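Both of the next two complexes hold subunit A, though its partner changes from subunit B to subunit C.
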Partner chain A sequence: MTVAGYEMKLERRVTLAGWQAALIALLAIGVALAAFSVLFILAGASPLTAYREIFRYAFFNRYGSLLTLNRFIFLALATFAFVIPFRAGLWNIGMTGQMYVGALAAFGVLYAFGGKQPGSANLNPYVVIPLMVIAAAVGGAITGAVAGFLKGKWDVNEIVVTMMLNFMAFWLVSHMIKEGGPFMNPGGRGESFEVPPSVRGPLIGNVPFTIVFALGLALLLEWLFAKTKLGYQIRAYGHSPKAARYAGIVPERISILVFVVGGAIAGLAGYHYFAAVPGVYKISRDYAYFGDLAFYGIICGLIARGNAIAALPVALLFGGLSIGGRFVQGKLGLGFGIDYALLGVLMITLVAFQFFYRYRFAWNRSE
Partner chain B sequence: MGMNERVQLQQGDLWRDVRPGEVILEARGITKRFPGVVANDHIDFEIRAGEIHAILGENGAGKTTLMNILFGLLQPDEGEIYLRGRRVQFRSPLDAIQMGIGMVHQHRKLIPAHTVIENILLGHPQAGSVLNLKQAEEKVAALAERYGFKVDLRARVWQLSEGEKQAVEILKALYRGARILILDEPTSALTPPETERLLEAVQAMAQDELGIVPFITHKLPIVLAISDRVTVLRQGRVVARMATREATEQLLAQKMVGREVLFRLQKPDVTPGEPVIQVENLAARNDKGHLALDGVSFTIREGEILGIAGVSGNGQHELAEVLAGLRPVEQGRILFAGQDITHLPILDRWRLGIGYIPAERIDVGSIGDFSLIENVLMNYYFDEGFVRQGIIDYDKAYRLTERLIVEYNVATPSPRVKARYLSGGNLQKLILARVLSRKPRLIIANLPTQALDVGATEFVRNKLLAAKAQGAAILLISEDLDEIMSLSDWIAPIYEGRLMGMLPAAEAKKETVGAMMAGLQQEAYAS
Partner chain C sequence: MGQFIARSLEAATIFTFAGLGELINQRSGILNVGIEGIMLFGATLGFIVTKTTESYLLGFLAALVVGALLGLLHGFFSITLGVDQVVSGMGVWILGFGLTTYIGSPYTGPLGLERIDTIFGVSPFFYMAVILVLLTWFVLFKTNVGLKVRSVGENPSVAEVSGIRVTRIRYACTTIGGMLAGFAGAVYALFYNPVWNYNFLMGWGFIALALVFFSMWNPLLLSGGALLFGLLWQLSLNPELFLPGIFSRYIWRMVPFAITIVVLVLISTKWFRLRWGAAKPEALGQPYYKD
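This part shows the complex of A and B:
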């Protein structure tokens, strides 16, 4: 193609620096938002106003920004659950199921301590909260381990297994919290009993303490990959299972390990949302909404190219847009589902732009 | 060049009336820079119809880069390419293929589960419109017949030998209408008889006015035997071009390396010590489940080199893997310094002092997306000297890598570059350096000098001899009889999974070994 005396051609990239990847992602976000304005226009709203409202509410409004942070923590944890197996070349798309089981395990601890009874206001938080967190991690880890074990031992496709576990966990939650289930809310309503006030996840400022997990794990994981023997083994296996085996790395061990750790972190995401976010404190009726949201961990992880720290801004953006999208939907009287539609368009554009991770345009003066 | 011109350049008129000896491709001033290296530095180069044009050069001289540019896989930073006098620019290999250039990479690019004919048709520009299988098959069969390739078009690719796979790739290029055929180190994965067949085919193709460019790093006798013209590259520049009849082996080697190459080994005199490895009645299966090793027994002592001579596919590959712990043992036992290691995990074997140099340097021996430092760590990440409390000492690994790069003369701008950007020979040097630097007590060397230039080959052979002098036991697997004869203390020809005998190298005759490799005779020398 020739434009104004210059010839444009596509070239395969030899290298891609981190900043170039970031630039491509920013460009993609710009394009996605521009494309999505068409939907706002069709719905009779000015895109500029809509975006201003979305960003103002999501990131600058006192209430909105807190909601954004809650989602950010959730998404970040779901992303790590994807990223760890991803670095080993494996695909965990079971963060939803692992998150559900983690939440159930945390509520199981409450149940065991009699937290379901209305008069249980004085449970000891120093005992119960750590136990809930640990139980959530263990629940997620066991769910993850199934896929890791089957993959490592018999090479059963991990995508299929994690998918099926998602369905099973979904119905398990439903069974536990619906009418007659052990975790049923005394008032019915198809949700679980509430976390008693004394053992709700503590807040730092107004933010759930689980933000420490999100930020701390990002640093910890990247340190693990960059500096430790374990991280080295995971990455080696991820790049080339054959070469890793030659070097003495045991494939079964890596596969189980990454799914156990990934699942544990997904379990924490379940704990976070249902036991530490103000205003929730129960496995709510719309728990499937958060199951869907957990899937965005895959997208965040892919956009961040498997880097846990790079995943943080992406998770923040996605969290903010889902909150802001919900908000303008109500405020401007738009159709339902703007939030997910927005995330969807963003996702497709970002994935499409991954093309530019491999190719670039080069301009030459044509003769 | 714009779109329109590209469309006009259809093959039909481009390749009309080619005269023998005519310059059909001309490259002028080709320059390609990579971060830290000039891989091609103003290279001028011509291909003539009906000629076999060999390209020589040390590891990292820029041969692969130049060919990738001619095939459209890389774009030059400077320089022009002319096809029959017309300027062309290839954005991708598709452009090059369309204009009659074919390339057979060293690394096979076929789909194993598909049949030969499917692979040949796959990606053909007209595959959608004229998928007349019968017609295509006839055409391919005719091509195969003409150049003496014997392949079953209905066979699945995974069933083929390396030589047959290569034939398929050549047929694929020809079927797509290649008039210039680029062969990337075509003989390195082939057995000697396969090599011979390939060379005959190449000569027959040249008779049909194809321009052919094989580049052969170190097999100078082949260059002298079949090529018409030679171009020698050194550090990205053309340092010599001549008609082959004016060249000699010494002259070419000297041009490549820039100094005289002595082809001399310092064979040390070592008295063998204790047995390091004892293999008793070993049997193992290959990937297809057939018995690949059957009743193999031998002992290698400290300071001894046992050469396994054989044509690829006779079990030597499986033998190396079994000893390294990568392949399960069906029957028999392996003792290492008296300890039974038959079922010992791979990592424990590394720790005990077994070092394995695999034949597959890209798939097994290295990780392309890892830096050279991380590649060196493949044999050190478990070593107490490099890991403390689970944390790897990357600075120390950096220093080791730097040292190995200097010692083994690996051409690279920095230890931090990814291994995939090393040239084939330089990657091989890095793997050798890494394994040998552990000072293993047993070295399993599977095709250790493959892809190395003459200078590096000499260097590596001396390294193996130095390890032997220090008391290492070495199992040397090679198809190069000269290599086996000049390095080994004992020679065991292998045929269909069995060792045909154990010959003391000092008394072994090349003819005897050759005959035993072919399964002709079983000598009963005492060992």
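This part shows the complex of A and C:
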């Protein structure tokens, strides 16, 4: 194609610098938001008003920005759970199930300490809270380990296995909190009993302490992948499992390891939302919504190209968009599920933009 | 009991349509992990069209069209743009899951039309599925077109050299695969369970995907697997028919998924691999660049 004396050609990229990847990501998000305007227009709302309301509520409103931060923590953890296996070339789309089991394990600790009884106000937070956090991580890790073990040992497709585990965990939660399940709320409302006030996740300022996990893990993972032998092994395995074997890397071990660590982090995400976010403090009836949100982790992870630090601003943006989306949905009288639709549009745009990670447009003066 | 078996056959029909679509996809070397998304789209649009026009025919047509378009989209990403096929399939799934939640929510609730008539106790779709299984088997293994599809899935470069249009065949297969997945979704939403609710499929598409691995890419084995899982699915919905009082109904819902994992593990063992390895399309999941 020739434009104004310049010839445009597609060229295969040889290298991709960090700033180039970031530019493509920004462009993809921009295009997705522009495409998404169509839905606002179809619903009879001005896209400019809608986006202004979304951003104003999500990032500048006192109440909304706290919700955004809560969701940011959740999305960041879900993203890490996806990213660690992703660096090893494996697909963990089981963050949802790992997070459910993590949440159940944390509530299991409460249950064991008698937290279900209404008069259990004086549980020792210094004992119970750490145990809940550990249990959540272990629960998630075990769920993840199933997929990692099967993948490593017999090369069982991890996408299908993690997805099956998601559905199993979904029904397991229903079993535990509904129709006479052990964690059922004494009021019998189809949700779990509440976390007693004394052992609710402490707040730093107004933000759940789990933000420390989100920020700390980002640094830790960056260090792991950039500086350590293990991180190198994971990346090498991700590039070529066969070559990694010649380099003395045991594939089974890598596969199990990345899924255990990823699962543990997803378990923490479950702890975060159901036991540390103000206003929730129970496995709510709409727990499937939080499970669905975990799929944002896939998009954040893909946009950040597996980089945990780069995932943080993306998670913050998407957290804000989903919170703000819910807000304008009510305010502008839009249909239910704006945040779901956004998830879909972002994802498919991002897929299309994968192309530009491999190709670029080159402009040459035509002869 | 008769009712139970009929329902199982209907469930098997849906697995068969979706699985056949995926099988045709994979035979041409394209993996589509997003069939659940295509099914959701077919189901939702089919449901909306039928509900507004009161015409089943238009609903099924809408499902076929949207399925074909999504299959084409996956083809465009994975064939023309050379995007990782898993990434693209994930995209299709999440697009379907996200967008149908929004599009369909005003239509939440029952369809409110008279059920499609049955023939000898089962829906016409069952007979369509039987014919389609035989037809697919015949075309894939007994005709020239089938040979072309399979050779494209085995080794696209060699196929290209021998004069086969790889890109065209792959596009045709992803489009047909998408149509069948869309149709499967519509059978679910317009006949099997005509009540719309967000993300109502809850894993049908992913089980269909697993069934294709399990079938060794043979339509006849696929239909056998679909029958088994149709039965299992129905059993998990009505455990009281056979084993009353054991476990809560939620625990039973976990069973088909657990069995899917077990089956996947079994077919991944060495004994099975010796046979399976030969059947697997060699170029499955790998992008093909014509140089």
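Just a few scattered comments:
Criterion: the second predicted complex is superposed on the first by the 366 of 367 C-alpha atoms of A that agree within 3 Å, B and C clash if a C-alpha of one lies under 4 Å from a C-alpha of the other, contacts with A are read in each partner's own complex, and residues count from 1 in each chain.
Everything below uses one rule, namely that a contact is a pair of C-beta atoms (placed from the backbone, for glycine too) under 8 Å apart; a residue touches a chain by one contact, two chains touch by 3 or more.
All values reported here derive from a predicted model rather than from experimental measurement.
Upon superposition of the two complexes on subunit A, a steric clash is found between subunit B and subunit C. Legend: residue contacts after superposition of the two complexes on their common chain; A:45 is shown touching neither subunit B nor subunit C. In the superposition on chain A, A:156 makes contact with subunit C only, not with subunit B. In the overlay built on the shared chain, the residue A:109 is in contact with neither subunit B nor subunit C. In the superposition on chain A, A:227 contacts subunit B only, with no contact to subunit C.
Put simply, more of the residues of subunit A are touched by C, taking subunit B and subunit C as the two choices.
In the superposed model, A:236 makes contact with subunit B only, not with subunit C. Once the two complexes are laid over each other on the shared chain, residue contacts for A:248 go to subunit B alone; subunit C is not touched.
Of the two partner chains placed around the shared chain by superposition, neither subunit B nor subunit C is touched by A:269. Of the candidate stretches 115-123, 205-213, 259-267 or 421-429 in subunit B, only 115-123 runs into subunit C once the two complexes are overlaid on chain A.
Touching subunit C in their complex are the following residues of subunit A: 39, 91, 93, 146, 150, 154-157, 159-161, 163-165, 167-168, 170-172, 174-175, 178-181, 288, 292, 295, 298-299, 302, 335-338, 340-345, 347-348, 350-352, 354-355, 358. Put simply, subunit A touches subunit B in their complex at residues 1-2, 7, 9-11, 14-15, 227-230, 232-233, 235-236, 239-240, 242-250, 362, 366. Residues of subunit C touching subunit A in their complex: 33, 73, 77, 81-84, 86-88, 90-92, 94-99, 101-103, 105-106, 198-199, 202-203, 206-207, 209-210, 213, 248-251, 253-254, 257-258, 260-261, 264-265, 268-269.
Taken together, the subunit B residues at the contact with subunit A in this complex read 2-3, 34-35, 75, 91, 324, 326, 345-350, 356, 358, 363-370, 374, 377-379, 381-382, 387, 390-392, 394.
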